[in-house]
Amino acid sequence: MREITYAQAINEALREEMKRDQRVITLGEDIGGIGGNFGVTKGLQEEFGSQRVRDTPISEDAIVGLSLGAALVGMRPVAEIMFSTFLGCCMEEIVNQVTAIRYMSGGQCTIPMVIRTANSLGRSGAAQHSGRAEALIMHIPGIKVVIPATPYDAKGLLKTAIRDPNPVIFFEHAMAYYGVKGEVPEEEYTIPFGVADVKRQGKDLTIVAYSLMVRKALEAAEILAKDGINVEVIDPRTLVPLDMDTIIKSVKKTHRVIVASEECETAGVCAEISYRIVEAAFDELDAPIQRVATADVPVPFSPPLEKYMMAKTEDIVKAAKKLMA
Amino acid sequence: MREITYAQAINEALREEMKRDQRVITLGEDIGGIGGNFGVTKGLQEEFGSQRVRDTPISEDAIVGLSLGAALVGMRPVAEIMFSTFLGCCMEEIVNQVTAIRYMSGGQCTIPMVIRTANSLGRSGAAQHSGRAEALIMHIPGIKVVIPATPYDAKGLLKTAIRDPNPVIFFEHAMAYYGVKGEVPEEEYTIPFGVADVKRQGKDLTIVAYSLMVRKALEAAEILAKDGINVEVIDPRTLVPLDMDTIIKSVKKTHRVIVASEECETAGVCAEISYRIVEAAFDELDAPIQRVATADVPVPFSPPLEKYMMAKTEDIVKAAKKLMA
Amino acid sequence: MTLDKNKHADFYKSMLRIRRFEETAIEAFSAGKIPGFIHSYIGEEAIASGVCGALEPGDLITGTHRGHGHCLAKGMRMDRMMAELYGKATGYNKGKGGSMHISDFSCGVLGCNGIVAGGIGLATGAAWGNQLQGNSRVVACFFGDGAMNRGSFHEAVNMASIWSLPVVYVVEANGWGISFSTRNAINLVDLSERAKAYGIPGVSVDGYDVMAVYEAAKAAIERARRGEGPSMVVCNAPRMRGHEEGDPQTYRPKDDIDKAKKNDPIKRYSEFLVAQSILSKDELKAIKQQVEEEVAQAIKFADESPYPNPEEALQDLFVEEK
Amino acid sequence: MTLDKNKHADFYKSMLRIRRFEETAIEAFSAGKIPGFIHSYIGEEAIASGVCGALEPGDLITGTHRGHGHCLAKGMRMDRMMAELYGKATGYNKGKGGSMHISDFSCGVLGCNGIVAGGIGLATGAAWGNQLQGNSRVVACFFGDGAMNRGSFHEAVNMASIWSLPVVYVVEANGWGISFSTRNAINLVDLSERAKAYGIPGVSVDGYDVMAVYEAAKAAIERARRGEGPSMVVCNAPRMRGHEEGDPQTYRPKDDIDKAKKNDPIKRYSEFLVAQSILSKDELKAIKQQVEEEVAQAIKFADESPYPNPEEALQDLFVEEK
């Protein structure tokens, strides 16, 4: 099968959905003229015109607010927020408008909109350009949270997101755009939300990981395999809805779990997944769940500092050895 | 000892600190003219003048942004954000500025500022006025999170917050302002951060609860006492820093835990506390930790709906019975 | 502009519907039947009535926390509105929204909004959607003078300007944001000057004068419909009551309140209608009668309606796909 | 305004320091020595130099993602700046900030800021703090034309206006926000019109002309110092390079870039100085010499400095109380 980049996969999903449905539009900073800061939307404006692929001023609050309004009158906007740290600029729109209006209306309206944004730890972006905001959004009811690791998942899930009649946030990863390649079929496919993917089968230890952390989990699994530790890697792919069944099934087999993520450690996704594992499979656990996440500090600029505070492959290996000891 | 309201306790802390330190100033919507939407700052403008007690336009982003700047030149601003749902309007300032600037500067500056805000579930405020935002802020490194349950704690902790050289967010509760009274000494006192308070001693079951949930936990404890279940209630009072020692000590005694909060259930404070208990005292647990929180929906307006989706005393009782079964 | 008699009758009825709905809701609130808060539209009836009087049926609006007037002027029913205020299952939002969030998408009301300036982005986005669909719908976006200082206002209005979106920004300049005087919040004598920052037309009118509001709104709406872009209409209408029910307005000079009350827009308008022989006293009375019946029926409906089943609290979050 | 020779020499030196620092940093970046991004200030040297030339030593500034020029013009050292760009322990921020976040509080630089408009609130707050302390310090707040469309800009400038805060908003109007032309982002021919929304003075000047910038900034700063409140100074200075290093500017007509380059503010200014016999060619050469030495020394310092210890990543979050 052909291999394409993560960026290309997203580009294809957008292109195909825009072709399929006239109501699909996209807006964001620099997405037209240069195909976005990361080149992900390249070629779309040429193909679909500057009405459907709209460059916006630097106004994140309005990008989300206008998307919401357009969705309410029947369009299917895909808004791009360049870096996920900039979600702070439009948080009110997400917390009180996008996620609340359907519910507050008693179900009168539907809000088929997607917010695409990029996490970006690991490229010396420093504190203000190295966001990982999935935990913040996961805590807010009323929006689905998608966070793919591979080109295949990114394409299939983005197509599902665009067709979903509900608000969806779609977390991409700047380091994956051109750093991650993978097989993607030529034919059309979609991936349903709420279905975890077993990225590697194993029996001794379960690692739950998502986004770029999947790659590190797989690297760790290879390293651990040399020590005879047989690791299963599960990627939930969507955090809302969250497929606990697949995770619990794995836990019942391995009885040992690492939950790994690039997010700040405290009060994040790892804690939630851990809670749910304990809730559903307490008696199956042979040891406390290990959390591997990034240190609770803003992201430093200098590479040795950033590397130190990030969740790394070695950290997973270390946690695994502790668990297996 | 005299009894005062939660609102009065906060008012006294502000007044005393403004008297003690000329650098302490406060700003927010309507805080001067009418003493704030909840009357908490009543009398301060008369006493300290309209320079130090500043009414602002409806500009939450600027309220926080200006506080930060004033702190950087040596003032000690206390900003009021009327309802905690409005934190969405100033999230960028919190995520990328207030919590990041000292770290990014390599420690060149200090940011002695406090953001006071009010959670407000339970008063038919509907989705946009019933915020509980502590989990969002707890996930962001660089700001201390204080969330008192009683007038005594509120006063002592707010004084500590104002004297702290770091950013602090202080979550009050609109239902507590006049609905919670308690003993508060006339004499000056402060309460250190990171010290949980055992609100009730017990040996069968530990309930970790904070803010208005402490009252419900104590109510549940009374009900459970009638069934011979002896409950210990622990109020961490500050979420960052979080006093796990006191919690773990209790868990080692009771071996059963409920973590209770008014927040939305998913990816919140309860999950974090649960993770840390599992991490530190896995072998001490006789049963999975029970989480009692509010349903993952925006808050509905109608009282029977709101009551249904809220974390209630009965929910704690039910969870306790399940744990003890 | 000379208006025909029916238009005047419509305006009068619209204003009276709002006034009487609010007075009745305030009574019910005082009697403990309505939970939450009430921000009454009393004194601002001419604004929503004038603006909505200039809209076509397919046009859209967004309201505010002070939104009952917007809903009524756009044609929503009193009974289901009152039921919503009560938190009843028969309310427009099945009791999930309440006073600050009433909406009726079928009537073009995209929702009131409890966040100051919270509706501006979505109103502008609805206008964008309309533009893309090539229909000729216009969106009227209501907000208070206090909302003009929120960043959301700024970002959305700028975007409407550069994209020539069919939206009219209606500023309800009642002089206050809760207890804070707009004079202290904005350093402008004429708030419509702010439109200059976006290169769009701005005009200030007497917000107590329904005809003046109508005229200004009509011009702005027609301009928007022609594809010439957004405008701002500032309607000056000193607040007649407290910010919300229960507000003693201690911060406000008594004669300021008295002056506002003396200029009561409905009183003024009905006197004008009679003096100019546009409508007779009897005709006004007949309208009053209709409104009274509607109000009485609304209260009865709200009183008698059931509360929603508690379990409904968990519904309406997501659309479930078939 | 006639300026004395020393002032001109200072301006020239300041502009040249910026230019040469940037050129050198770009080289180091291309050589892989500098991580992250570089948004060069080339072409905008006259802005920071003119504005900072009108400030007193105790005054404060905030910079942007394109902030090296702000720092240098305010008097920061090249060596510790370059070390910061490298991510070295000897950098101003110990390697924690990098290009977009350099700061030197002791020099009155409250920080560059990677969030567009991110420094406007805090600059305004610093001005508020100064006002409360009764000192006469002024804050110069730099930001780009793209930043004028962020809500944070709007809220902060409005607050500065109503409270008459001692702050000067310096708009660096380079015509672009990354690839989006300001002509498409703001529906105004003269960006300084936007000041009218806040009832504050606004003026547009040629941002390539250090004397024009100085003059406008000086008037605004003096006004602020007198307690008369904020102003906005829009400095039009077409962008000479890409948004960041590596940007091929495919979205921009080539002659637009060429025109900008032809008007190079430093070339223009040095020719003016010589033509007007304000400074001789030799004097300019001597200044150039000093700057070259400083740059060479900065690169050497950065090259030779150590990286921070990895564990330092966990420090500097909170002030630990004694």
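Going in written order, the chains are labelled A, B, C and D, and every chain counts its residues from 1.
Convention: a residue touches a chain if its C-beta (ideal position, glycine included) is under 8 Å from a C-beta of that chain, and two chains touch if they have at least 3 such contacts.
This one's a predicted model, so the numbers in the text were calculated from it and none came from an experiment.
Looking at A-C and B-C, the interface holding more C-beta pairs in contact is that of A-C.
Between the Cα centres of chain A and chain B there is a gap of 30 Å. Inter-chain centre distance (chain A to chain C, centres taken as mean C-alpha positions): 40 Å. In whole angstrom, the spacing between the mean C-alpha positions of chain C and chain D is 45. Remark: chain B and chain C have CA centroids separated by 36 Å (rounded to whole angstrom). The set of chain A residues that touch two or more partner chains comprises 56-57, 59-61, 85-86, 89, 92-93, 96, 103-104, 126-128, 141-142, 295-298, 300-301. Across the assembly, chain D contributes residues 93, 95-97, 101, 113-115, 118, 149-152, 155, 158, 162, 184-186, 317 that each touch 2 or more other chains. Taken as a graph of touching chains, this assembly is complete, with every chain in contact with every other. Residues 25, 51-52, 54, 56-57, 59-62, 64-75, 77, 92-93, 96-97, 101-110, 141-142, 144, 164-166 of chain A touch chain C in their complex. Those residues of chain B that touch chain C in the shared complex are 29-30, 33-34, 37, 55-61, 85-86, 89, 123-129, 295-298, 300-309.
Of all the residues in chain A, the ones that touch chain B in their complex are 85-89, 91-96, 99-100, 103-104, 126-128, 135-136, 138-142, 240, 263-264, 266-272, 274-275, 278-279, 282, 285, 287-289, 291, 295-298, 300-301.
Interface residues of chain D facing chain A in the complex, by the touch rule stated above, are 35-37, 87-88, 93, 95-101, 113-118, 146-147, 149-152, 177-180, 184-186, 250-251, 307-314, 317. Residues 60, 91-97, 101, 103-106, 110-111, 113-115, 118, 120-130, 132-133, 139, 151-152, 155-156, 158-159, 162-163, 315-319, 321 of chain D touch chain B in their complex.
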